[in-house]
Amino acid sequence: MKFSRIGPASVFFAFMAIVPLAGSVFWTMIATEVLIMGLFAMSFNLIYGYMGQISFGHAAFFGIGAYATAMIGRTFGNDYGWFFLALAMSVPVAAIFAAIIGFFVIRRTGIYFAILTMAFGELMFFLVFSSYSVTGGDNGIQGLLPPPLLRAPSHYHYLVLCVVALCFVLLWRITQSPFGYTLRAIRDNAKRVRFIGVNVEFCMWVNFVVAGAFAGLAGGLWAPFTRSVAPTLLNWQESGIPVFMALIGGAYTFAGPLFGSLIYTLLHAWVTGVTQYWSLVIGLVMVFIVFLAPTGVVGSVLRQWRTPGISAPAEPKTPTVASPERG
Amino acid sequence: MPFDADLLMTQLVVGVARAMMLFLLSAGLSLIFGVMNVLNFAHATFLLLGGYIIYSVYSLIGPGILMFLLAVAAGCVVLAAIGFALERLVISRMYERELPEQLLLTFSFVLIIGDLIRLVWGVEDRSVSFNIEPLEIFGTFVNPYQFVVIGLGLAVALGLWMFLKFTRYGRIVRAAVHSREMVSALGIRIRLIYASVFALGLALAALAAGAFLPTAPMALGVDIDLIVQSFAVVVIGGFGSILGTFVASLIVGIVYAFSVLVWPNGALAVVFLIVVAILIWRPWGLFGSELRT
Amino acid sequence: MLKDQNNSFLNAISRRDFILKSATAGAAVMMSRHARAEAAEPYRLGLLLSATGSGANYSEGGIKAVTNAVAEINGRGGLLGKHQIELHFRDTQSKPDSAAREARDVITRDNVRAVIGTWSSAEALAVEEIIDEHKVLHFAANSNSSRLTHENFSPWFFQYSPDTRMESGAIAVVLAEMAKKNNWKSFVSIGQDYEWARAQQAGFLEAFNKLVPDVKLSKEFWFKIGETSFGPYISGIMAMKPDFCFGAIAGKDNVTFIEQARPAGLFKRTVYPGGLLSLSELQQLKDALPRGMIGVARAPFYALLDQPVMQKYLKMYHAAYGADAYPSDWACMHYDAVYGLEQAVTKAGSIENEDVRKALTGATIDTCRGKATFRACNNQLGVPSYVGTVTDSPDYKFPILDPKTMTKVSAEQTWLPSCEEVQALQKKRA
Amino acid sequence: MGTLLSVRDLWRSFGGLAVTQGVSLDLEAGSQEAIIGPNGAGKSTFFNLLTGYHRPTSGSIVFDGVEVSHMPPHRIVRRGMSRAFQVANIFVRMTVFENVRCAVQAHMGRTLDLFGNAESQGTERSREILEMCSLADKAETEASSLAQGDRKKLELALALASDPKLLLLDEPTAGMSLEETHETMKVVDGLNRTLGITVLFTEHDMSVVFNHARRITVLHRGKIVAQGLPDEIRNNEYAQEIYFGEKS
């Protein structure tokens, strides 16, 4: 029973592990990107798929994590010790920001949550953007080379694979824990959760911080991967990407966002190589997804052959997510 | 910075002019959200589309101010038609869907329309210039076009207010902002109302584009910069409240104008600080109502 | 590829179907390679410019120029007469992160040997990290922050545009003269809050202060790229009552700023020298541009009509886009970049990256702007900056910077005087 | 047995409109009582005040010896006051078993256990509760596909998960068939008699009220107008007039 839930993901990670063996630097890098963005999308899905709120400022934590790693890396160089410390620091730094921002946003639900997270995201973007002396402003920070052994794309890929696989297991544990089920309950009916003796705001806050921390780690992996960071990593358009990945893969399945990342990244890489009208194509695909596969690709596939009751969170039947609790 | 009365006065005027520009852009966004509960990410992209259409019509029939006004009218009509069709064909299927899907749909409009504009008009910036000469008042120069914008903003605000207050349709729209069920219960054809409001919102975006064109070129990417500020205004004012949008525009415009004097590169951060503060204090905005779901 | 095929390709090319055309051209190259098995390996060239976002308008000239130049070279049989150039375009979306991503993509997927681009300096900085690692040549013909050739220098990077230090230094030379003559005391600056403008303003301050130390900067204004209403900034500037306002504004924002500053009376109160007035701005602003305004240009074709390369390119440009069409500064510099590549390959007798890099380092090449030499210590092409005043011209439907009074400030006058100083700035790359 | 709940002079107004006006009520531990009143009498508001969902404008609520009038709902629940809603408030995208297990784990204080296994905690207790509410055969059904009667049973099960001393039931049989009503009230009686849980419920169905409540309080326009044994209320003219009179 359990394998049927983790099965597709095991296949996914096994596949990711053999990609570099094919010897193509390009596909190795695409695979690395899939993993990092997949982690970003899964962290977003803690808030959306499990807690039922949509964050339109999640890229802020991705960006903050990337900047944390970049700034430590820039200051102390790329020894192995400093590199891993810089990478690890993306987690607490992003978590601290998530804790502060979360304190304010978890009091709101539905559209207000979405807009408040977006406003905070933009605020962080403008702060990073205008703090020229600290963050380098618009040009960002360059020269974020990983230490020599991790520089080869395949080596970095395996580092990312290990980190993301570990996060995958952690996230799986979290979503299967009493906490994870409490989140689902909050998503379905926050008011009721109060009356089974749960401090709903605190739970939501903890989840927001956890999600921010994972997003920060994804950003931390991203910075040395692209060798540079720029403020655009934080802005609202970037926040749309995990939303899209989660929806394309299926927000109500655990591994959905990961597959969403795979689909989105491949689609993006393919389209940008073929036409300069890539945003038209991506936009049309989005419309297509929204209308024809509202539970995402993975969700739609699962619905075909999975008996009800087994799927971790099931597909939505009623549009309850958007409505604020009191009303 | 030498703060004298002259400077405060001119800064107030430019702030109000900026505010009215924001209001023209945001009024439609606020109305659409208020009535249909749909957050239109693509609102500024529709402004861009309107601007390009106005430009094309004007280069056909121009030059001259009168012809420009005609072109603006044509732009409004075209956008209204697009809005009506879009609501009936696409948006109307989304009302029962979850919030993220709605957001994603309008977000995909940003991408699609942006690229369609590029396909039709190319990447060149388009601008219309009337060679306006500065006006000298009490020894300071002011841009006379600012008064045109301020006047237009006030007129639209007043017009919308009267429409909502005194016409039958307006009252129905206001009722729809308050409670959708009530309007359907009254047996009013809510679908027609929705499509009309969407059309009106897009026509307002085209009107904003008309006000915009003589001061700044239409260019790809402008929508991305504008929509964020427009969200700020709507959030501060409260969804669905024209008065709120108006007041919020004034706040944002004037605060921005004075921030520029004190902390030029952080002016937008200041605006978002206000947004965050308002959302924490009154998430439904200054003039929105608490009870709406 | 057949010659006449190329010509029709060149004639038919237009902005909108550029990608389709180049894709078919690529396919044609592939097919002809299959047909003639003995044909030499194509030279794969990446083009990283913006098709979307704020840089799209200004990338168009570059895209046109590179496509034209490639078609021309391929018409001659290709590099060294046998290596057809295969062009791979990627949209950088005017964002540094996307630029880095697309650079990596085009290098690892299409195995390009060189990339040309990008639009913004921040994008170029991100790309420079990637090309350095992959040992791919990078020709910058638009973005020109002096960081690219100094702090972040990579030996694989070549700068075809005057860098910000040179460009703003040139303006400083001209303005220092005016300041002395008019007894100016103070000025303000306004700039886009991004790498190029920051570097431009810093470069200007340094150079200007050296020349006239007692003229003081009283306030700096920075605004976010894409600003649409400059009212608050304009009145803020006027309130400072400066003798002049130095502008570090390029592209659409400069057009918007001038469009709004004029009716607000800024130009009646103070002068606004230093803005980048490339052909794009001149054509777009037309009547709205105050005559007599001082601006800087990087490759103004109308002032370079005596240069043989410019003559050749202009003829090609007219043939492709009509007699009324003129290449923008961006187009000319991108043309130089491709033409420079051909000269380097010819000199090296090889298309191998290491050979081409060595051949180009310190080389003197023919460009639209005359003969110019790459500075050996930072691969900066020694091209002048053109500072002039806006005037009407009987020959064109748009105003130009008056070639008769134009000051051509040479590279040597404005770049860091010695290579030791340059190398002191260049950090060691790991 | 002493007093479990003691409400003194409770007031609450919404925007100038006083919905609860000086209500005082004592509840003996182990009792089973009902609150009745016409629509808009303030029953739901009263429950909301007791459970901390609304804060009283003034007055005090002492539960089990502790003042709870300013506590948030979850802390009141943890002190042993639990409620079931009139309209079933269940977690629709989880199975019936997961619904109850989640509530049981909350009661066990496992909510912030991020890395434990939800499937191995509190399962015994969850099954027990499902048995109690005769939902055991539907344990693996997704809550969204339950029939109305089963939803209400699940609602009750959720309320029981926190091991309450006091159970507040807001119209526990609303929307149920006669048979289901009977079954449900049997469960409630059982909870009261065998487990000693104090029960306070509101109900529209007068036969349920008179058969299952040992004392009845009549609420009208936010005030208590009558209180007494079922027979006393049945014969109280005042209560008859305002309650039965208005209802028909």
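Chains: A, B, C and D, in written order; residue numbering restarts at 1 for each.
Here is the rule we use: contacts are C-beta pairs under 8 Å (C-beta built on N, C-alpha and C of every residue); 3 or more make two chains touch, one makes a residue touch a chain.
Since we're looking at a predicted model, the values are computed, not measured.
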Where subunit A and subunit C overlap in contact partners, by chain label: B
Chain whose Cα centroid lies at the greatest distance from that of subunit C: D
Chain nearest the overall Cα centroid: A
Whole-Å separation of chain centres (CA-atom averages), subunit A against subunit D: 41
For subunit B paired with subunit C, centre-to-centre distance based on mean C-alpha positions, whole Å: 36
Averaged-CA centre spacing for the pair subunit D and subunit C, given as whole angstrom: 74
Inter-centroid spacing, subunit D versus subunit B (mean Cα positions, whole Å): 49
Where subunit A touches two or more other chains at once, by residue number: 126, 130, 132, 277, 279, 316
Where subunit B touches two or more other chains, by residue: 114-115, 118-119, 224, 265, 268
Junction residues of subunit C, two or more chains touched: 51-52, 193, 222, 224
Pairwise chain contacts under the document criterion: A-B, A-C, A-D, B-C
List of subunit C residues in touch with subunit A within their complex: 18-19, 23, 51-52, 89-91, 95-98, 100-102, 104-105, 108-110, 121-122, 125-126, 128-130, 133, 145, 147, 152, 193-195, 198, 222, 224-225, 427, 429-430
Subunit C contact footprint on subunit B (complex, rising order): 1-2, 4, 6-7, 10-11, 14-15, 17-18, 21, 114-115, 118-119, 122-125, 127, 129, 131-136, 140-146, 212, 215-217, 219-222, 224-226, 256-258, 260-261, 264-265, 267-268
Subunit A-facing residues of subunit D, complex: 51, 53, 72-74, 77-78, 82-83, 85, 89-95, 98-99, 101-103, 105-107, 110-119, 121, 140-142, 144-145, 158-159, 161-162
Interfacial residue positions of subunit A with respect to subunit C in the complex: 24-26, 29, 33, 78, 126, 129-130, 132, 137-140, 142-145, 148, 151, 153, 226-230, 232-233, 269, 272-279
Interface residues, subunit A side, partner subunit B - complex: 48, 54, 56, 104, 107-108, 110-112, 114-116, 118-120, 122-123, 126-127, 130, 132, 236-237, 240, 243-244, 247, 251, 277, 279-280, 282-284, 286-287, 289-291, 294, 316, 319, 321-324, 327
